[in-house]
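Think of it as A, B, C, D, E and F in the order they're written, each chain with its own count starting at 1.
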Amino acid sequence: MNDIKRALFIGRFQPFHNGHMYAITQILNEVDEIIIAVGSAQLSFYVNNPFTAGERVEMIRLALLEKNISPTKFWIIPVPDVNNNAIWVSHISSLVPHYSVVYSNNPLVKQLFKSANVPVKPIPLVERSEFSATKIRQLMIEGKKWEHLVPKSVAQYIKKIQGPQRLKALLMKDE
Amino acid sequence: MNDIKRALFIGRFQPFHNGHMYAITQILNEVDEIIIAVGSAQLSFYVNNPFTAGERVEMIRLALLEKNISPTKFWIIPVPDVNNNAIWVSHISSLVPHYSVVYSNNPLVKQLFKSANVPVKPIPLVERSEFSATKIRQLMIEGKKWEHLVPKSVAQYIKKIQGPQRLKALLMKDE
Amino acid sequence: MNDIKRALFIGRFQPFHNGHMYAITQILNEVDEIIIAVGSAQLSFYVNNPFTAGERVEMIRLALLEKNISPTKFWIIPVPDVNNNAIWVSHISSLVPHYSVVYSNNPLVKQLFKSANVPVKPIPLVERSEFSATKIRQLMIEGKKWEHLVPKSVAQYIKKIQGPQRLKALLMKDE
Amino acid sequence: MNDIKRALFIGRFQPFHNGHMYAITQILNEVDEIIIAVGSAQLSFYVNNPFTAGERVEMIRLALLEKNISPTKFWIIPVPDVNNNAIWVSHISSLVPHYSVVYSNNPLVKQLFKSANVPVKPIPLVERSEFSATKIRQLMIEGKKWEHLVPKSVAQYIKKIQGPQRLKALLMKDE
Amino acid sequence: MNDIKRALFIGRFQPFHNGHMYAITQILNEVDEIIIAVGSAQLSFYVNNPFTAGERVEMIRLALLEKNISPTKFWIIPVPDVNNNAIWVSHISSLVPHYSVVYSNNPLVKQLFKSANVPVKPIPLVERSEFSATKIRQLMIEGKKWEHLVPKSVAQYIKKIQGPQRLKALLMKDE
Amino acid sequence: MNDIKRALFIGRFQPFHNGHMYAITQILNEVDEIIIAVGSAQLSFYVNNPFTAGERVEMIRLALLEKNISPTKFWIIPVPDVNNNAIWVSHISSLVPHYSVVYSNNPLVKQLFKSANVPVKPIPLVERSEFSATKIRQLMIEGKKWEHLVPKSVAQYIKKIQGPQRLKALLMKDE
């Protein structure tokens, strides 16, 4: 059990897309198991955070199973925010299984884990401008094609829960 | 008791104005009683939220009594925010008497209540651009006439608690 | 408006009973209006706090109207707890209309309001051992008669929402 | 996807033991998938709550894989407490995938889900007095045998993280 | 600056007494500076936590100056509780200056700091049964002599803020 | 003890600079002691709030000792934010020693303390545009000279904890 190499990978996954999928596949070439922490778990039904943590957990598992990644190789754990960066590493570490490396490109995340003596490695990226959750939400709002930017099972799931309709409704603010 | 039709009407009422008054009058044509939920109850002494929940409760009752609406027909209940939309309907429902319909024009509110199987109806609006809390606060800040946009008793009350002075002071930021 | 004498009366009202009713009647002999603050508003579905704030607001209004107390003479406002006694007076004051006197027999409440320079007067009590919310909940649990200890309309309301059944269910703990 | 029958099973799992294992096996005879919600996720390093949510997630997965339960049939999700029972069902529902039935023997849990129109079924129990987390923690504290009451992989894991030593240390209170 | 040896000493100090004074004197024989963290800073006006954090900060400084301890050798910092032990070390560390050793006899505290790789040393104790904050509060409540158990300046300060009267009032529960 | 005149001075001190130093020196000409409340204590590792409360406490004490201000004349106390302005004065008052005057130029702060009957005096300012924490953080980010804007000991301390590097890292956002 001591020999397992486990990576922590943190995101909001609003929604989970092919860029996330690519990163996970690459990380799994370097480690035995990956913990996918679903951040800002308490946020949903906002334009920038439309999906609940439960919905995001579900879409991530669908995507990984679709790619034939063994479920013994990944953990999907919702993690609510804390408003104090100084306690954030402890907070997340108390909610997920033990890990030995963090993959992140976020400077704050890198700095916080480094000062807690956790090794940090960069996330392998691919065609970043294409695979962006912000862009995908924008395409949904505009009624354009977004399905090709996410795994097939995620597209199906988002349609089943009427994700684009939810996003459009959230956008129509009226004070 | 089972036959009473009660509506839920949610606002921040910073301050309560003639547009709110009109909506309440119209809603009371359709239902027996109205619950007026005073949202963001924990916020006060901000430029966008100058009045405490207690002050807002007081100005709303003054206005409704001024219009000779029977106090047996309305409930005024402060409701603090929660940071998680997914629990918001449960939160508000635990603080107010039972209701059977919600009046709202806010897309998020409509979506959240609909997914909780609560019927939602649109708020009857009148001359909306005139009756806007944002505009009224702006007029107070600029020292212009705002009193004609709110019920007479509300204008009196806001003057008594020196509302315009409070707003002007809050505006003068100096880091 | 300045001449109105308004009292603050705080309780949990789990449930509202004849002792509360008596106290309110007595207080209304001494002041013009009474604010009934429904404390621990966030608690419900516990053995010691079975009813939601909304249910308590509703049963209190039913009781006061049953006694022909004019609804222009009372305010019923839910107030959630804060975990810091030092801020409690400010917290409650921000949620209710302005008041000039507090009625309480609780030593902590008396001390906190006195140190905030708010006059505190004792609550007029009657047959205290009979009219106790704790005792009434116990009678409900034991399936004994409790209805005579609360106003008639409160008894009706509690039966309608199946209060005794709720209490019995909550009691059956099973780790 | 619509035809999957998914059950929600909630516990604190301090620690996960053979009684939990038995219940999960039985529930999986009745449904397709089970969501194991790890409650009180924010509590750890207390005598009654010694293990972090991450440690509990890890021991549960070890146990289920040991019993050859396919990881496609279960979800393990940490859920922090909320202090307001009235919002608890919404809170938990926002953190886990969609479910259609809850298994619980706890009267409060049963009542809360029933009033949210979620069907509740009883947890199949076996030799309950033997398999109790409270009893297991007590045995650890007393230095007696406890390993036979939990799955083998859980016993190994608890020893690896020095669970009994942690518990004994937590017990030695000295104000 | 790097050569300063700084110790962290945590207590609730309800009130600060001669046992605390003795411990601080002894610790200052071993280190250059001591950080006195005033725990449960958010609690006050409870029978077990009668004094505010500000009052406790003030009484501690009075006591240390009375003993001619140079104010360049100590820091007094209020620290509110967090409900999650797993983040407690990070939380306290973000509120106080850097330290290199913790003095504590509390098993939980020792365990949490050790697992964060902070050295922990035992607090030097003297005549423990005599010097106990619980006992001192009890003596105040019973109207007996307590002044000899605390530094002279602390006794003066507690009398000035009418501490014993506050405690007695808090004790008289009613409802 | 009653004759001590104590002032409250509130800031975020991100970082502490010569303008703060000047204000404190001037205030100490008018009062016996100054309480320096370190606001937003829970924030750190943000571009606008890079330093922890503990780091800010430490740099303030270094600066005051550098200017030969006696440590018996000042108190440095971290104060976390509350999200409700109406309780803010009570909150801060519970965390700091008793004070009789507040120094502030912030309109909200002035209004809140005035309505709590605390006298408020203006902060003496000097060359304000030069001495601005926002400007100093900007200079750090741009790699320009900032050291002359803060006390020498603060510059040393910030370099020791690699403050400018932290700020630059925090700036590099990447979704």
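Here, contacts are C-beta pairs under 8 Å (C-beta built on N, C-alpha and C of every residue); 3 or more make two chains touch, one makes a residue touch a chain.
Since this is a predicted model, take the numbers as computed values, not measurements.
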In this assembly, which chains make contact with subunit A and also with subunit E? D, F
Between subunit B and subunit D, which partner chains are common? A, C
Can you check which chain pair, C-F or A-D, has more C-beta pairs in contact? A-D
Please compute the C-alpha centroid of subunit C, do the same for subunit D, then give the distance between them in whole Å. 38
Subunit B and subunit C have mean C-alpha positions lying a whole-number Å distance apart equal to 25
Quick check: what residues of subunit E touch more than one other chain, meaning two or more? 42, 44, 52, 84, 86, 93-94
What topology does the chain touch graph have (line, ring, star, complete, other)? other
Run through the chains and report each pair that touches. A-B, A-D, A-E, A-F, B-C, B-D, B-F, C-D, C-E, C-F, D-E, E-F
Interface with subunit A, subunit D side, in the complex: residues 1-2, 41-42, 44, 52-55, 57-58, 61, 65, 70-72, 75, 77-78, 80, 93-98, 156-157, 160
In the complex of these two chains, what residues of subunit C are touching subunit E? 83-86, 105-108, 110-112
Taking the complex as given, what residues does subunit B use to touch subunit D? 82, 84, 86-87, 89-91, 93-94
Would you mind writing out the residues of subunit C in touch with subunit D in their complex? 42-46, 52, 166, 169-175
